[in-house]
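Consider the two complexes below, in which subunit A is the common component and subunit B and subunit C are the respective partners.
Up next, the complex of A and B:
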């Protein structure tokens, strides 16, 4: 049993456990914390795969996002608010069928996918994968990258304009 | 150390890992104990007092006594607090503080993991502490601690931006985010000279990240009813304080590595002195600066605190990035 396997096992348990608890908890703050555990465990998976840069970005982006999400969760909901959930059993069964079908489809797809053999120099590159990603992004994928940054800028400006409109009305 | 990480986990090297972590923890606890002692002593001298001098010779055991008091205190928990999160919050705050030390190169040979992106790892992990702070504020089920938690979160998130921006200059100069390579690149000149602007922004933002004077609003017990940890006592309170001092250890290490040349001597002729001595000297200078500032500066107001981060530090950090980028590309012959 290698260390990688043990780490994978623990991280998978945390990822899935966090996701399950995220759905089954009834208080917003508990949900946000378990979602955070899921995100951080996914970052652990990236590190296991030798993609430290992606893993660390995952923590950097999502742990910040989780804190902000929690702030909004606290400020926009009542302190003792419990999400009662839908008690509609007919609907739940209907959903179960779809979820089972989706799981079957995904499982079948993953099992049958023709995986490429892993690249030989992956281990050597892992030291420098931030550099490799930078070179790829700014040469091969420069237009999608710039488009994405414009999209984000539009979101930012849009959010400010929407907030400003509401401020004027009051 | 790094070769050990590649091996299969047998009983032997698992024990080695645990031993290494415990040794680091013991060093840390020793550092925290005597950092608190010296903080009180130094501030005492600066304010023409004597400082702790009763417990043990020269008061050396004062912190040990204080910590023992905290540990044997009754562990109180408010009746309506959220039981699970109240317990989880100190762990969430402390674990990343200890985790960031895994990538720190203390000397050429003493390092736990040599990550290619060590710098980014530090910044990412230290962000998780904010989550612990908000959780603590919310789980206590107290209006003051919730307000304090939100105030600390706003401060830590805002100051993280200039902190990250100010180290971009160092990364541009070195061409790497590996902490070891950053130190090696400072053989000729420490980064504090070409990156002085970045250094100034970093040291100010670091004060705010560490919740220390003049940005210690989260701990303003007399004016703002402390903050996120008002409901914590005994051992759990000690965990929060420990996390704070461990972050001070981490930040001092980071600043030594990034700007002060890590384990490198001041001039190459002094090479015969071991690297760890140089490291400890630079490290102690930064820690002393902390105490000095605390004895000197008054506390800032919350609104000036936020506008200072966004209107002064961030633009200065951006100008620093621009200047560094222009100079680096000029040196590489792009113009």
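Up next, the complex of A and C:
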């Protein structure tokens, strides 16, 4: 039992526990809170995997921005809403069977795949993680990066236009 | 005891299945969006795990994760804007009452 394994176990428990509580709660606000726990422990997984920059981005974007955005979405609609599901039990059972079948198939695939050890293990500690990501993003992936900035701009304008009140055009 | 890649893939698989179940059965549209975020996060765990334990370790998986995060944030912003516009017109956030195109 190394420290890495203990940390992985606790983080996995928090991740899956948050997700399962998210599904089983009925109050919508409680769902978002338990989702925040899931997001933070996923950031812990990233740090454990040696991706510190992605972990910090996960905390900033997901547990900071998206959870708050979801809370705003709930507050601007029905903020004391309960979600009892669709109430259609036949559909729920069918979905449960489908998801369980998918889980079984992928579980079997993961357990039976021959995972090979990485080719070179020690070569990745040579540089700082954030510096490595920065060099790679601004040399090899510079066009996707610029396209992403255009996407964010379009999304900003589109979200403002759609959420604006209709009828007050002056 | 070393944590192997299949443990990380297991966590991601469970997260993905929970998200899929929530997205298909929940009634509130905000919760459906949240479940889709859970599925995207499961994929992010897979990408980062393969960028460490894959056949060619590197930062490519982490960069893909950053791109996925950006697209997910854009998706949530537009989705909530649509939801708020719909709530203003229809006074509902339940996905089974959004059936104008069926009538």
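We adopt the following convention: the second predicted complex is superposed on the first by the 138 of 170 C-alpha atoms of A that agree within 3 Å, B and C clash if a C-alpha of one lies under 4 Å from a C-alpha of the other, contacts with A are read in each partner's own complex, and residues count from 1 in each chain.
In this section, contacts are C-beta pairs under 8 Å (C-beta built on N, C-alpha and C of every residue); 3 or more make two chains touch, one makes a residue touch a chain.
Computed from a predicted model, the values in this text were never measured in an experiment.
Asks: Under the stated touch criterion, name the partner, subunit B or subunit C, that contacts more residues in subunit A.
Replies: Looking at subunit B versus subunit C, the one contacting more residues of subunit A is C.
Asks: Between subunit B and subunit C, whom does A:136 touch in the aligned arrangement: first, second, both, or neither?
Replies: second
Asks: Would you check which partner chain A:74 touches, where first means subunit B only, second means subunit C only, and both and neither mean what they say?
Replies: both
Asks: Between subunit B and subunit C, whom does A:163 touch in the aligned arrangement: first, second, both, or neither?
Replies: Touch status of A:163: second partner only.
Asks: Looking at the overlay, what does A:36 touch: subunit B (first), subunit C (second), both, or neither?
Replies: The first partner, subunit B, only.
Asks: So in the superposed three-chain picture, is A:64 touching just subunit B, just subunit C, both, or none of them (first/second/both/neither)?
Replies: first
Asks: Taking the superposition as given, does A:2 touch the first partner, subunit B, the second, subunit C, both, or neither?
Replies: In the superposition, A:2 contacts both subunit B and subunit C.
Asks: Is A:15 touching the first partner subunit B, the second partner subunit C, both, or neither of them?
Replies: After superposition on chain A, A:15 lies in contact with subunit C alone.
Asks: Scan A:56 for contacts with subunit B and subunit C and give back first, second, both or neither.
Replies: A:56: touches subunit B, not subunit C.
Asks: Considering each complex separately, which residues of subunit A are in contact with subunit B in the first and with subunit C in the second?
Replies: 1-2, 53, 57, 66, 70, 74, 129
Asks: Give every residue of subunit C touching subunit A within the complex, in rising order.
Replies: 1-11, 13-15, 17-22, 24-28, 30-31, 33-34, 37-38, 41, 44-45, 48-49, 51-60, 62-63, 65-67, 69-74, 76-78, 80-85, 87-88, 93, 96
Asks: For the complex, which residues does subunit A have touching subunit B?
Replies: Residues 1-3, 6, 27, 29-30, 33, 36, 40, 52-53, 56-57, 59-60, 63-64, 66-68, 70-71, 74, 79, 126-131 of subunit A touch subunit B in their complex.
Asks: Flag every residue of subunit B that touches subunit A in the complex, lowest number first.
Replies: Of all residues in subunit B, those touching subunit A are 7-9, 82, 84-85, 88, 115-117, 120-121, 123-125, 127-128, 130-131, 134-135, 138-139, 141, 146, 150, 153, 157, 160, 176-178.
Asks: Which residues of subunit A touch subunit C in their complex?
Replies: For this pair, the touching residues of subunit A are 1-2, 4-5, 8, 12, 15-16, 19-20, 22-23, 28, 31-32, 35, 38-39, 42, 45-46, 48-51, 53-54, 57-58, 61-62, 65-66, 69-70, 72-74, 76-78, 81, 83-87, 91-92, 95-96, 98-100, 102-103, 106-107, 110-111, 113, 115-116, 118-121, 123-124, 129, 132-133, 136-137, 141, 144, 148, 151-152, 155-156, 158-160, 162-163, 165-166.
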